[in-house]
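Each of the next two complexes has chain A plus one other chain: chain B in the first, chain C in the second.
After this line comes the complex of A and B, so read on.
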């Protein structure tokens, strides 16, 4: 009797590397992020400025001029104002807090983080993948909203061509804001058990207060560096913004970009490291 | 090894009288929050403005050179306004999970299977939030008024500003009721306390941003009725006998506040049910 040689075992597939694993997690998470009730919130947040822009456009098309204290206001000026008030001060930080803190906290709350951690991929890749999905999801919703506002508002006593460069700068600025705030709050979300309140205190408490004080305090905020890159004049629509405008110092372009990159890289690295090392205890 | 009797036993505890069961929920909620160290830290932090104002009143009462610091009715109005930021954070900390966590744990059905009316459940939850909010608005406000009398050693300020007691009470309760009802309604809409928290923050700051943008574009504050906090500020100014800060008529701001409370009650009425009938 002759023994038939055993078929060679199929080679064990190699575990994906960090980048490949991150991209797989991103692929998995984008759908979850876009088709969830969070999208309703995000849609509401980004639809508000578009609706206002539409109303302003309709009013001006009826021949009513937009005037402040008797002075006519141009479309590019209104657009700059909306970028400041709606996007830089509200949408970008709020979406950063909301999604950034939820990247890991959601999985912990739903007790599904175990399933992700049992995959043969680095734990840090889970966070980075989810972070990339956050960037894509928010970018695809926020940036088109800005583009719509631009197309509706800027033609009012203005030209799309001449303000196009400022518009591109705005898009880049908002993308950078989403990236930096997202990384910061991903770190906070990976670190703390109840990260949302800390995130809200940072954005609406610390950042607002620090920007209203003279001296170096404002350098410990993201808004200081982000607002330093805005190509539009800062509006003074409240007492707080008036005080912030009085004590405002604008960092140089190089310094602002450098610090934003530092904050982004360091917080994302720390968040990834935190997820790698931390033992998440799930509530029973 | 003892074998415990697991069969049916009659309830041996004390049953609250009809309409008093909400106090059980309220006390349980208050006790649970007081047990959290981070929350206590937030409460202590919320009392710092009180200490600063108390020092201001002390100096004004004892050092004639510092008469510029002497309190006026506006000082108390400013104090209530300053506490707004703590009202926001306490509302989120305490209120976001009040109903959302019960919904998440399917505890609403258990609650409402007891001799407890829906109104009592809502009142109990509302009492938890209102108790802490009053602790950072009304209590320090009234204590400041009391301190003024004690430090000055005379009733002359109180006599001259007798309206301050009802004004502080009305303004604090208005602020607290609006925040509590809104948060509770939002909490009943979701199973996730984090989603509720961000919805509340979004509602407050988005309406504020809309008001800011519309003010800047139109050059008028007549659109202040779109903002959650501007409506409150407008009405509270009138309560303190000050000139309203925005161009919106005060009845309009009051109407928006009343509509917001009515909407919240309607949401609570629809969402807090023991059994969800799916058709």
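After this line comes the complex of A and C, so read on.
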């Protein structure tokens, strides 16, 4: 009896490239990010301004003039204040910290990073894929929220058309802020053991303090470059804000954009490299 | 990606697109409206010569009939003697007879000129009689009737011109003749793209506005170098004011370069901070100062403010208490 020759083994599929692997990880992670418990926090953060805008709109439709600290304000001015106070100073850095630091740290804490690292994809692609998922998840929540606030608030004694360019600038600025803060905190998350604490200290400690001191220290913050691009007047709603306004320096457009790109590229590259090289020892 | 995630992303994107499209439509509707208009700004700009350094407009009627003025009058009552005297002498009731005015400053080597063009209801016979009583002579210049007063101190001669029915110009003789030339020769400020660009940016609903090139004025003024150095390096400015129950306004300036703009912003910021610290104990003044907003990027510096109607009520109370 002659043995039938064994069928040739199917060719081993080629491992996906860096970009393909990143996109696959992104596709996998978006759902995880959006439907996690952290989303409740994100929903509260971005729904707050929308609810406030809705209340203001309802109040003004009843004929009550809009006043802040006793002063009458137009819709575009209120919109500018909301962009500063709710989004730029709080939502963007806080979402950057919470999501950015968790990109790798969550997988380490859950001891699931091994499953990702055993896949035939570059380790750096895991981080970049998760970072892209973070951008999509936060961007698709924050930016529509800003759009709703714009539609609700700006028409109060103002014009949607006149404020349109400022609105577009705001959207771009917030997207850039999410990207840069996310990259920075992805790096911190990949490097440090307690990244969330360090991230919060950076955002609410270092950045606030550095912006309140005269001199060059503010150049070592993201907020300095980001706030320099805001098309709205900086509110002076607290003593710290007042001090920051007094010592405020505005970088030129070119310099601010250049440094934001540098921070974004460098920190994302370092984060990716850190994940590539670091040996993660999981606690048993 | 699950179906639920996909639906969420599509919904979020839809909200964003709706916001952007609505803003875009509103933006272009405004743009098309201004394009379809016969010209930018009031029609009296045809009488403003092209070399004007400053152009200003005031909707006198809107200001006079505003709640703001009424509250201001209640807060600070002014005697009506001047107004009554003007009415008696010229037949012009400022409150009812003048609709709007356009004014300009014309920089000239030596002495600056200027004129005010007023649209309203005037009595030419009464005005001419009054001018003749004060020694003015009647001239005809390119079909327009001028009343030229005699100047005894060597300065330019004050002149009143009847440009069109319901349209008079007051200014020095040279400027008035330049205005008539500008209108007839088509060399008005409407052909000055730079200045008209500033006029175009002005909010069309503003009760009053002024735009100007400060660098031109400064160059013509031949100021001493020490004085020149102390002046803020502002190329041009645009100021707008809107009057309703209260008063709101914006002052926008374009500095020579970004460094100069930064310095100017620092100076203004310093003034604001100083004022706020001074007003710390008075919540009303602090609230008023809170409306002062400094903004602008690059070479642009912008200050906006709002004076709420309540301020006038406070002034009225203070006035009564003072009496």
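Brief remarks on what is shown
Please note the rule applied: the second predicted complex is superposed on the first by the 274 of 284 C-alpha atoms of A that agree within 3 Å, B and C clash if a C-alpha of one lies under 4 Å from a C-alpha of the other, contacts with A are read in each partner's own complex, and residues count from 1 in each chain.
One rule holds for everything that comes next: a residue touches a chain if its C-beta (ideal position, glycine included) is under 8 Å from a C-beta of that chain, and two chains touch if they have at least 3 such contacts.
These numbers were taken from a predicted model, which means no experiment stands behind them.
When both complexes are superposed on chain A, chain B and chain C sit side by side without a clash. Residue contacts after overlaying the shared chain place A:151 against chain C, while chain B stays out of touching range. Between chain B and chain C, C contacts the larger number of chain A residues. Touch criterion met: A:78 reaches chain B, while chain C stays clear of it.
In the superposition on chain A, A:44 makes contact with chain B only, while chain C stays out of contact range.
By the touch criterion stated above, A:141 is placed in contact with chain C alone, chain B being left untouched.
Computed from Cα centres after superposition, the angle at chain A between chain B and chain C reads 100 degrees (steps of 10).
In the superposition on chain A, A:27 makes contact with chain C only, not with chain B.
Of the two partner chains, chain B is the only one touched by A:56; chain C is not. With chain A used as the common frame, chain B approaches chain C to a shortest CA-CA distance of 6 Å. Touched by chain B in one complex and by chain C in the other are residues 67-69, 73 of chain A. Within the complex formed with chain A, the chain C residues making contact are 1-2, 4-5, 8-9, 12-13, 15-16, 18-20, 22-24, 26-31, 203, 246, 248, 258, 262, 265-266, 269-270, 272-273, 276, 283-284, 286-288, 290-291, 293-295, 297-298, 302, 304, 306, 308-310.
Here chain A touches chain B in the complex through residues 37-38, 41, 44-45, 48-49, 52, 56, 66-69, 73, 78, 81-82, 85-86, 89-90, 94, 97-98, 101-102, 105, 109, 194, 196-197, 200-201, 204-205, 235, 237-238, 241, going by the rule given at the top. Per the touch definition, chain B reaches chain A in the complex via residues 38, 85, 88-89, 92-93, 190, 192, 194-195, 197-199, 201-202, 205-206, 209-210, 212-219. On the side of chain A, the complex with chain C involves touching residues 27, 30-31, 34-35, 67-74, 77, 80, 136, 140-141, 143-144, 146-148, 150-151, 159-165, 167-168, 171, 228-229, 231-234, 236, 242, 245-246, 248-250, 252-253.
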